[in-house]
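The next part holds the structures, each set out as structure tokens.
Below are two complexes that have subunit A in common, paired first with subunit B and then with subunit C.
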Partner chain A sequence: MEKIIEAVNVSYIYQTKYQKTKALSEVSCSFERGKVYAITGKSGSGKSTFLSLLAGLDVPAEGTLYIEGEDIRKLNRDEYRLNRASVIYQAFHLFPLLTVQENVMFPMQLQHIPAREAKMRAQEYLKKVELPETLYKKMPGMISGGEQQRVAIARAIASGGEILLADEPTGNLDSQNEKVIVELLCKLAHEDNYVVIVVTHNEAVAAAADVVYGMSDGVLTVVREEAERKSGETKC
Partner chain B sequence: MLTYLLYSLKRRKSANLITVGISFLLVVFLNLYFGTIHSYERQMDELAENASVYCRVTNKNGSRDSGLFISESVLDGLSASELISDESCAVYLLAGEGEFTQAEWEQCVHLQVSGVNRIEAADGLSVEKIHFNEEYEEDFFVSDRPVCIVDESVMRKHGWENGDRVQLTMYYYSSASELFKLELYPLGLIELEIVGSMERLMGVTSAIPPDVIIPFEAVRSIYQQHEIPFFADTVSFYVDNPLRLNEFKEEMKSIGLMERDPTAMDSYIGCTLAVRDRNFVIMATQLRQSIEILRSFLSMVCILTFAIGYIVSYLLGNGRMGEYALLRLQGMGSVKGTIPFLGEQLLLVLLGNLLGDAVMLFFSEAVVVILVNGVVSAAYGIGIIMAYWRMGRKRVMRLLAVSQ
Partner chain C sequence: MYHYILKSIKRQKSRSVLVILVNGVLAILLNLYFGLIGSYQTQLADLAANTPIKCTVTNPDGTMEVGIAVSSDTLRGLQAARQIRDLDYSTQLKAGYGVFEEADRDANLNLDVNVVNKIDSTVLPENIKVIYQEGWDETLFAGAEKVCLLKKSEMEEQGFVYGDEIPFTIFYYRYDDKRRDVDILELGRVHLKLVGQVDDSDSVESRDYPDMLVPFQTVWDEFEEKQIEFTAEAVSFYVKDPLALNAFKEEMRRIGELGLLEIYKGDGAKFSYKGSALYVQDGIFITMAGRLKTAIRILSAFLLPMGILVFIVGYVISHLLANGRVKEFALFRSLGVGAPCAVWGFWCEQFVLVLAGNVIGCLTAILAGQQEIQEILSVCGAAFGGYMLGTTVALVLLAKEKPLELLMSE
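What follows is the complex of A and B.
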């Protein structure tokens, strides 16, 4: 499999006027297309910070993060998020002023795709995440959490990137919706060749991942390689 | 960006209405503020035109303002001044018809003669009371020719007619060495042409009305012909621009007109100027103080406008940090990410401004409305831009962590 992201000795420090906190300490790992990765760990262990670095929201203090072999520092990180990497969050983070369909169209409009085509594609993506058509014109505040997260996934797909980053995507969902979302993420990796990286506390989500990393005090360790999947666990 | 801005304009109606309302109220407030200053300034200008400052030459202690000896140097200085207007000068003489000896003067001298340079200089005289021969109507008072207008009753008594040439022996007042004792001296036999008649003047003051009026410059010429030093009896005028009152007073001093000294001895020398500027000074001082007080708030008003622009935008921006973070997350740069919010805010402020302008144009002058727009654009606009510049500096990671 092709390595799409590679972290080499990545460290990150949160610095304020009064204190410095090392959030990541010499993290080295790699991510390949077509796989679901889970990063587990306690709150404050640094997993969300790592995900933010993967999303290009900041650059490592030390070490290097390569995106398809290119140092992220040298990339235009706004363009990287626009075209190659998308993030979904526990709080869904949909545009409150846009309808469900407009939310999904938004990244395509930023890419200057004509409105008519963007609309057609948005509807396709919404179908793909199995969102009922009756909800397309609703505002995000009027649909359930599970539905909102599906819209967020559809919007992530709409940007056309191959990297999907998810920060506690099922944190606000019930078990039924959690299952739907996990299945969706697995499908994107295994059928559409995305690299899906999920930060989670949730054992069930981690169990569905191909590779599981653990994060503790900013140090990343491999919890389970793909080949070590237990006999009872099924690949989703 | 534009799409997001349009959706935001369309779907945040209440918040947008409040922004427009604040901008509208700010424009109204600034119009009232600048309008009041402008109104006071205009009143000040009008005050200079309407509340005229009257001046009259008096003697040193201010007890006499007529029958004085006002020197030619003072008259020439006043004529040359650009700071005075409507100067009225008069000189009083006595006369008798025909030629007679000095010993006979008490029997023969019974005509009161005035030399005036304008109609207002003769007490009680008005255009309606004078009946000129047509050719003299326009320039009688500014003429230096030996012409006169005569009281109708005097004309009847002497059997004079319009157009007659009459000979008068004139006597003038002169000051004795003590300066306050008056004596009469013969001026000479003068031939005058009667160019008009006047109705009997019933003066407003107790002064004896003139029987004969001669142009002031004509009298002055007669004095020059007889090589007698000329003095005017009364001189009064108005300050042309009362706003230049201090400059005017300095010039009057340089001409030789001093300030009144109540302790000085009585005399007939016209060397002092009585300036009736009390009302003007009171009104001008009040207006000036009002303008100064209002202007002293100008910097505070500008800071307040800036602060409103900044605080309103800061609060609105704070409420939309989540949206900003999302835009950044979608791949918009820090500047691009703030543009929808900044653009929206500027559009709404512009709308509020235009509404305010439209309303205030009924009450304010265009110049005030333009000034207000300038202040709002500068102070309020800078406030908005600074608030959104701060927004653009926020770290997306932190914003997202907060909203998680």
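What follows is the complex of A and C.
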């Protein structure tokens, strides 16, 4: 499988006026297309910081993060987020002023895709995440959490990137919706060849991942490789 | 971004209306403020136009305004002065018809001559009309033509008609320093063309008025030709711009330094009939203008605080609105919109709303009709600029927020 992201000795330091905190310490790992990765760990362990680096919202203090072989420092990181990597959040973070369909159209409009085509494709993505058509014109506040997260996933895939980063995507959902979202993320990885990286506390989500990393005090360790999947655990 | 801005304006009605309203009110209040200053300035300008400041050359102790001796140098200084208008000067002479010797003057010197640079400089009783020969008018007094106007009764008595070249022998007065003794001295003989008359046929007043009017410069030239010192007996004028009273007084002082004129001080001056002081009737104007100027000064002192206030209002409101939209900003950033572009989007949204508010404020001020449209537009432009400056600062600070931290905080 092709490595799409590779972290080599990545460290990150939060620096305030009075103190320095090492949030990541020499993290090395790689992520391939077509797989779901879970990063687990306690709050404050550095997993969200690592996710923000993967999203190109900041750069490592030390070490290098390669995106398809290119140092992320040399990339136009706004363009990287616009076209190649999308983030899904625990709190969904849809634009409250836009309808469901307009939310999904938004990244495409930023890419200057004509409105008619963007609308058509948005409907296609919403169908893909199995959102009922009756909800397309609703405002995000009028639909359930599970539905909102599906819209967020549709918006993420609408940008056309192959990297899906998810920060506790099921944290605000009930178990039924949680299952739907996990299945959706797995489907995107296994069928559509996305690389899906999920930061989670949730063991069920981690269990569904192909590879599980653990993060503790900024140090990343492999918890489970793909080959180590327990018997009885099925790939979702 | 722009489609998002339009939807944001449309769907966040209360927020949009609030910004429009605040800016509308701000524009109206600023227009009221500037309107008040403008109104005081107009009143001041009107005061300057309607309360002319008359100045009269007097003797040093200010007891005499007419019958004084104002030197040629003083007259030249005043003629060249830039800060005065409507300069009037006159003098009195005696004349007689024909040619006669000084010994015969008592029998022949029977005409009172008023020498003026304007017809208004001579005070004629009511019902007295000044009639000019065709081709001549009152502007002749500003020139130096050898012409004259005679009383109608005098014309009829002597049988003169318009166009007659009449020979005169002219005499002038010379006083001693105390103006007690007067000498009447011969200026010379001159031929003056009759070009008008002072029609006294309807006059019922017994008051004396001159038998003859002659242009001032004509006589002045005659004195200069004969190298005799020439003086005017009365000089008055108006301050050209009462609002530039200091410049006027400075100019008069400069003439004074040349030994010509001093601003009248009155007390303690030694009596003389020399016209070497100036009485400036500026008391009423200074009192009234002073009040208006104080009001304008006080209001203008608030100009900078008003500008700062508009900036602060823009900053505070935009900052509060931006605080409520931090996650929206972070979401833009996380979707790949660059920080400048995201801030630009918010800025454009505010621009549209602030502009709309100012347009409403402007229209209200125009409908109120208290100020010039150009002035209203300038004020609204200033309000708009100040507010948007505050907005810009608030949004630039917003751009420093770290996006993922904000989105992951829940």
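Here are a few things to note about the model shown:
Definition applied: the second predicted complex is superposed on the first by the 236 of 236 C-alpha atoms of A that agree within 3 Å, B and C clash if a C-alpha of one lies under 4 Å from a C-alpha of the other, contacts with A are read in each partner's own complex, and residues count from 1 in each chain.
Operating definition for what follows: a contact is a pair of C-beta atoms (placed from the backbone, for glycine too) under 8 Å apart; a residue touches a chain by one contact, two chains touch by 3 or more.
Just so you know, these numbers come straight off a predicted model, no measurement behind them.
With subunit A as the common reference, subunit B cannot sit beside subunit C without a clash. Look at A:Glu102: by the touch rule set out above, it reaches both subunit B and subunit C. In the overlay built on the shared chain, the residue A:Leu57 is in contact with subunit B and with subunit C. Look at A:Lys138: by the touch rule set out above, it reaches neither subunit B nor subunit C. Of the two partner chains, both subunit B and subunit C are touched by A:Leu110. When the two complexes are overlaid on their common chain A, residue A:Glu79 makes contact with subunit B and with subunit C alike. Residue contacts after overlaying the shared chain place A:Ala91 against subunit B and subunit C alike. Where the contact sets of subunit A with subunit B and with subunit C meet, they give residues 48, 52, 55, 57-58, 78-83, 87, 89-91, 93, 95, 97-98, 102, 106-107, 109-110, 159, 167. Those residues of subunit C lying in contact with subunit A across their complex are 1, 3-4, 7-8, 11-12, 327-328, 331, 333-338, 341, 402-405, 407-408, 410.
The touching residues of subunit A, when paired with subunit C in their complex, are 48, 51-52, 55, 57-58, 78-83, 86-87, 89-91, 93, 95, 97-98, 102, 106-107, 109-110, 115, 159, 167. Taken together, the subunit A residues at the contact with subunit B in this complex read 48-49, 52, 55, 57-58, 78-83, 87, 89-91, 93-98, 102, 106-107, 109-110, 159, 167-168.
Remark: subunit B residues 3-4, 7-8, 11-12, 322-323, 325-326, 328-333, 336, 395-397, 400-401, 403-404 touch subunit A in the complex.
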